Amino acid sequence: MPLLATPSTDLLDQYASVRQFTERFCEPLETEDYVVQSMDDVSPTKWHLAHTSWFFETFVLRPHVPTYEVMHPEFAFLFNSYYIQAGERHTRAERGLLTRPTVETVFAYRQYVDEHMRRLIESIDDHPETENLHSLIEIGLHHEQQHQELMVTDFKHVLSVNPLRPVYAPAPALPAVVPPKMGWKAFDEGMYEIGHTGESFMYDNEGPRHRVFLHPFELATRPVTAGEYLDFIEDGGYRRPELWLSQGWSTVEAEGWAAPMYWRMEESRPFNFTMAGYRPVDLHAPVCHISHFEADAYARWAGGRLPTEFEWEVAAQGQPIRGHFADDEYFHPVPFTGVAGEDELIQLYGDVWEWTSSSYAPYPGYRPAPGALGEYNGKFMANQYVLRGGSCATSKSHIRPTYRNFFPSHSRWQFMGVRVARDV
Amino acid sequence: MPLLATPSTDLLDQYASVRQFTERFCEPLETEDYVVQSMDDVSPTKWHLAHTSWFFETFVLRPHVPTYEVMHPEFAFLFNSYYIQAGERHTRAERGLLTRPTVETVFAYRQYVDEHMRRLIESIDDHPETENLHSLIEIGLHHEQQHQELMVTDFKHVLSVNPLRPVYAPAPALPAVVPPKMGWKAFDEGMYEIGHTGESFMYDNEGPRHRVFLHPFELATRPVTAGEYLDFIEDGGYRRPELWLSQGWSTVEAEGWAAPMYWRMEESRPFNFTMAGYRPVDLHAPVCHISHFEADAYARWAGGRLPTEFEWEVAAQGQPIRGHFADDEYFHPVPFTGVAGEDELIQLYGDVWEWTSSSYAPYPGYRPAPGALGEYNGKFMANQYVLRGGSCATSKSHIRPTYRNFFPSHSRWQFMGVRVARDV
Amino acid sequence: MPLLATPSTDLLDQYASVRQFTERFCEPLETEDYVVQSMDDVSPTKWHLAHTSWFFETFVLRPHVPTYEVMHPEFAFLFNSYYIQAGERHTRAERGLLTRPTVETVFAYRQYVDEHMRRLIESIDDHPETENLHSLIEIGLHHEQQHQELMVTDFKHVLSVNPLRPVYAPAPALPAVVPPKMGWKAFDEGMYEIGHTGESFMYDNEGPRHRVFLHPFELATRPVTAGEYLDFIEDGGYRRPELWLSQGWSTVEAEGWAAPMYWRMEESRPFNFTMAGYRPVDLHAPVCHISHFEADAYARWAGGRLPTEFEWEVAAQGQPIRGHFADDEYFHPVPFTGVAGEDELIQLYGDVWEWTSSSYAPYPGYRPAPGALGEYNGKFMANQYVLRGGSCATSKSHIRPTYRNFFPSHSRWQFMGVRVARDV
Amino acid sequence: MPLLATPSTDLLDQYASVRQFTERFCEPLETEDYVVQSMDDVSPTKWHLAHTSWFFETFVLRPHVPTYEVMHPEFAFLFNSYYIQAGERHTRAERGLLTRPTVETVFAYRQYVDEHMRRLIESIDDHPETENLHSLIEIGLHHEQQHQELMVTDFKHVLSVNPLRPVYAPAPALPAVVPPKMGWKAFDEGMYEIGHTGESFMYDNEGPRHRVFLHPFELATRPVTAGEYLDFIEDGGYRRPELWLSQGWSTVEAEGWAAPMYWRMEESRPFNFTMAGYRPVDLHAPVCHISHFEADAYARWAGGRLPTEFEWEVAAQGQPIRGHFADDEYFHPVPFTGVAGEDELIQLYGDVWEWTSSSYAPYPGYRPAPGALGEYNGKFMANQYVLRGGSCATSKSHIRPTYRNFFPSHSRWQFMGVRVARDV
């Protein structure tokens, strides 16, 4: 992670901007909303607010500001997520049992950290480790952007389990559009470069940049829509084991899956729970909240397969970063409204993360960083699958062609969708 | 449940007094404190506040006040506890997942119900069902008193799982006293009357009054103290299977029990978590937070046995209702400070519920009331054991000699203790 | 447990007779049949064969025959059931994982123990502890009779989980009879003597003999038949929560119960799995394989209640021990074929164990024996309910009016039925 | 899977030879040994014997021999493993609950199928589908060879849970040898061909043959020995989370892993359970019974990494198939006894399966066969990792350079070991 020659004033702006965006998301929340953990995967909003501050405290302030004193000695224990080398931590599944610290105290903690971070950044050029600090702060900001996305998806789940069907924010008026017909863009076999060059910020899992050989393939021009996915359902998709991976089928049976997460059929019409409440499914928007198993079964049903993460990245190289992001503050995928050529790739970025067939694994020559920060990525490289492209809950400035997101096969609570590939 | 000839003004006072005591308990709470369910047995404080209001709404206002309109149509679903005949209900284990209604709304709900109850009570003598309404309102008030006790024990558990060890209220200064030596009071064999006469308020499970034949027995003059219980621990009580019921021993092994709930040994000295925070165990106070299994093993170790609920009730007949209650607002048992004769029974009431050896079962001729209120007691008469006498979290006006509390053998989160009996 | 003045030749006959009956049951079995544990409650037949021998080895031969050498040092570990004071034991739930010792070795172990027991009994009058040995051997024989019953019910379960629906032995031809109309026998209130006098063999849980006061009651003249139970089912018995204890209803929902264990409806006609294979339910025979919860719900539906174990014992005093037993080698309850007066109690013994409303608890003054044998009964006196009267899988010589069997409320795999009582 | 121009007499020989080898393994077994399922992953020996026969019945005899009649109509239900398109099947976890069919009947079933197979093969050249039948029979034989390996590892587990520590067969006398020093063989970066050419038998998952680009790498000349693995243990390998994948560390903690499966430390010396009983670990033999997580942690500790399956296959191309196989009938890895050049790869085949870092996934252009046989491989391509090279329980004729075995990351009951790779 090389030094960006960012002037300290710009870094301060970046810092303020990311931190404020986190708090902006919280504006419509009631105090009670911050506390609840509605399933093991979910963390309370309060926890996200504190953990992202703990990150700066633990990796920037404590080791690099000798005069820094922690606000509360127990916060290191309560708000460490999974960094074993950073010390003992509170049990993940019990994050929702903490009534204290209160929301007010957590915001005070953020302010406390922000104030110390501001002082540090203002004098960063005088610090003996200027470059290193730049890197660490950048990681901290990207880390916070990741948690912003989790705050959306976690809080959506919290609201969804409430029989009162609360609304985070009403839906904006959207134009009624029909997305362009699905086309296919072809790619030749050959050697391709994969991974980040390191000239700007990257996570360690995006490198080293290296060569792969790809066979010829075609990639769908757009993600699968909810309407197309409904066709799969109505064709018995969830009742035909031959379409599924064995583990996928067991999950369908064990969980009683019959549609994407948050869907419910009422008189054969699909409704879904969204941040704007319980609403009819928008059939022209990309389908979301499907697991890797469902994406894989859909692709098989549609006569294709999932792309590898390398195919996806090759396709994305040179494409503009266009789509609907967290910046739009409408936390749901949206139908494509533009005009596109027949084999032009659309909605590669934003709206929904796209599952790939690639198991999350290190690139050739990968080495995690030393120390606790080395736990950021590498230790999760098993039994998870890569997703690419970002979603409606990702900040636009956070995503890039080489970005690798990853989740277990059964996960559905992120804005996960699917784009089909096929052999030539 | 006969009519009490309570004038409506007195009933209004009673109503106000009970309802206010509930809210008084909440005064030290933060908003976040109301939301959490720290284990399946625990309900959030918010839920208790709403459920006790739902009770009046469901059993008094809706059936008997034709003009009454519910404040929110979903509250009947959210705040029904276990009354199957009162309709569908929210899953018990998910009470802690509800961020809404907010605490503010729940207090508004209480006010809304209170206002309608006030109007009803003021005109109760003109109502065609005056007697019946009196009875229902009395049940509702006793029901609320039961939930007041649960609010204490549930919230204690919520605080206890927090590594920050929060304090509900600081402990008062207590005199340092040594309780009197344990004595034994003897009772002759013979026929005794058991159960409530029905001349004042009673739950249906306290009747019918009936005769039992008892063999001669002796009852300890006071509950076992924490210090005496510590002797049992230090004598290997938790490591000697021969002292335990088979199911008790399995529980000891499965749960890793080595002391009462909330205890922790630090350098061989016992500390415990209390509503006043984490403190040294008061060795002169009655031991509390022990299960039926532990009470039974202790009694066996001490050369005695648990009393039956009939023996307890016979012993309690004619005794004054003296002890430490919720009214004292110090939610922990307290050492006996008075003077007592050698075979005088002390602390029969208050401080700790006393486990008996009696399985909770109907009295001869028992019939539950018709309708949903018939579910109040009868359907729980299996695989639970009876406790008698009330605790430091019980209102003094709530307890009486015939009162039957009941919990499963492994339960420990109530203020449960033990008084030993023995055969002659 | 006093000495029976049984001459040693008679004792030898008794010993031989009980031991042979165990092996007689095994005659139709294949080697594979002995190995399987089809649920945690079930033990493999092989285990029962060995454990009953281990019992004589552990409590008679090893402590009282100085020259006795065990056949295999590991058998004490493998075949101890639950006697903590007799040493470590193999995990109960893993009894079905043992391929060795083989069935042949287990039979050899029986022979080995039998041979040493024969020698001991032949010279028992010369032994310094004649009386004590008599008692121990009698316990051992009654213990083996209990396991004979478990061998039947356990093996029935093993066969039942096999889709091939194997038959233990074909059913005998039974006369087609209609049982007499249900009548009621009345009993006055009063003091009654309960428990064993100790003049012949008894388990410690049957004493001390003591007095109880009973209110007036009536007892049904016969157990409920399968046909009557079918009426309950067809009247929605399993769909009406108001008929059930709360824990019973949870069990109905969690387990999906809709009929007794081993029943299956085919085109609205009930079939059941029996030791004679899968057959139509005999509607005139007593219903069996119902839990305490089901017995309780049935009784409530029928307008009655379960009898207490004291009521049952009072009713049984002086009644002849008549019914169908293991001795008949038809391991299923059979319709009553005799003639009976209007208030004559029939089938009190044999056919089906009758659930009572009494929680299994010690009688006043009960003390378990010292040492490991004291674990036989006392430690199980919690959260179980008493059954009385024996079943079609009980040996006739094993049962008596004071005999107390006990199982948890949800257990169904014994031949458990119900006789209704009611208040006057 | 193309036709092998195998004359029918050779096919008959092959058929007889494979089928007999299965039964030969069973010779030392007692009847009881065939019945038990000691964990969910394990199938009873009896089941393997029947399932491999069911395979020929279902895919060869029933569809292609019009006159064939099944021996028992329920066997199709009982002995289908996971072929959803071949009909309903018995629950996997309940295979150990079946006492019937008896072992004798299962052997009769084998004979019955063998007799019909013999007749079919003798006249195979006259059959309208000669080629297809050849293919199906070959799959059936390779399928049976896979189950032969599972019979060994499953039965080893069955024996291991028995406190009597039974012995399958005594260990042969092995020469005491020290394996050669670990060396490294280097491979250049470049394009390589991967997968089976299809000129002889292959499973569908070994193709299509295709090109991959590999970066330069080195592969250890031999598998890690038990002695080297003991160094890892003694260096705190199981206590240092930084060596482990996150999921691996959770598994270590949840399962209490501190050594390979079947190991037990006695006075700091490792012993292990083998088919020859409980014995000191042979420190010079390749370590076995380690999970993917352990292999990965070991490699990290040793400064390397796991090879990809492509690296392994490239290294194996052109190497002789040498090592210890099931054919040797000593079902445990054995120290290398030969002489080897410094960068000569030894024990690539046999002894232990070698974990790779490759998630089990389809090769480019992979299509499973239509119908139930298409379920053989493809549907398992998720959340499993590839192992290469065969083990001491694999038949020599079964293995080849392109062979892909696969198991979940936590599996340890196969003979799984590790060979380290490293970047250049």
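Order of writing sets the chain letters: A, B, C and D. Residues in each chain are counted from 1.
We adopt the following convention: contacts are C-beta pairs under 8 Å (C-beta built on N, C-alpha and C of every residue); 3 or more make two chains touch, one makes a residue touch a chain.
What you see is a predicted model; the values in this text were computed from it and never measured.
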| item | value |
| --- | --- |
| Furthest chain, CA centroid comparison against subunit D | B |
| Between subunit A and subunit D, centroid-to-centroid distance (C-alpha), Å | 38 |
| Chain centre separation in whole Å, for subunit D relative to subunit B (CA means) | 60 |
| Distance between the centres, which are taken as Cα means, of subunit B and subunit A, whole angstrom | 48 |
| Chain contact graph, described as a line, ring, star, complete graph or other shape | ring |
| Interfacial residue positions of subunit A with respect to subunit B in the complex | 30-36, 38, 46, 74, 77-78, 90, 94, 96-103, 158-159, 161-164, 166 |
| Residue numbers on subunit A that touch subunit D, as the complex places them | 82, 84-85, 191, 210-213, 215, 241-242, 244-249, 292-293, 296, 305, 357, 359, 361-362, 364-365, 374-375, 379-383, 409, 423 |
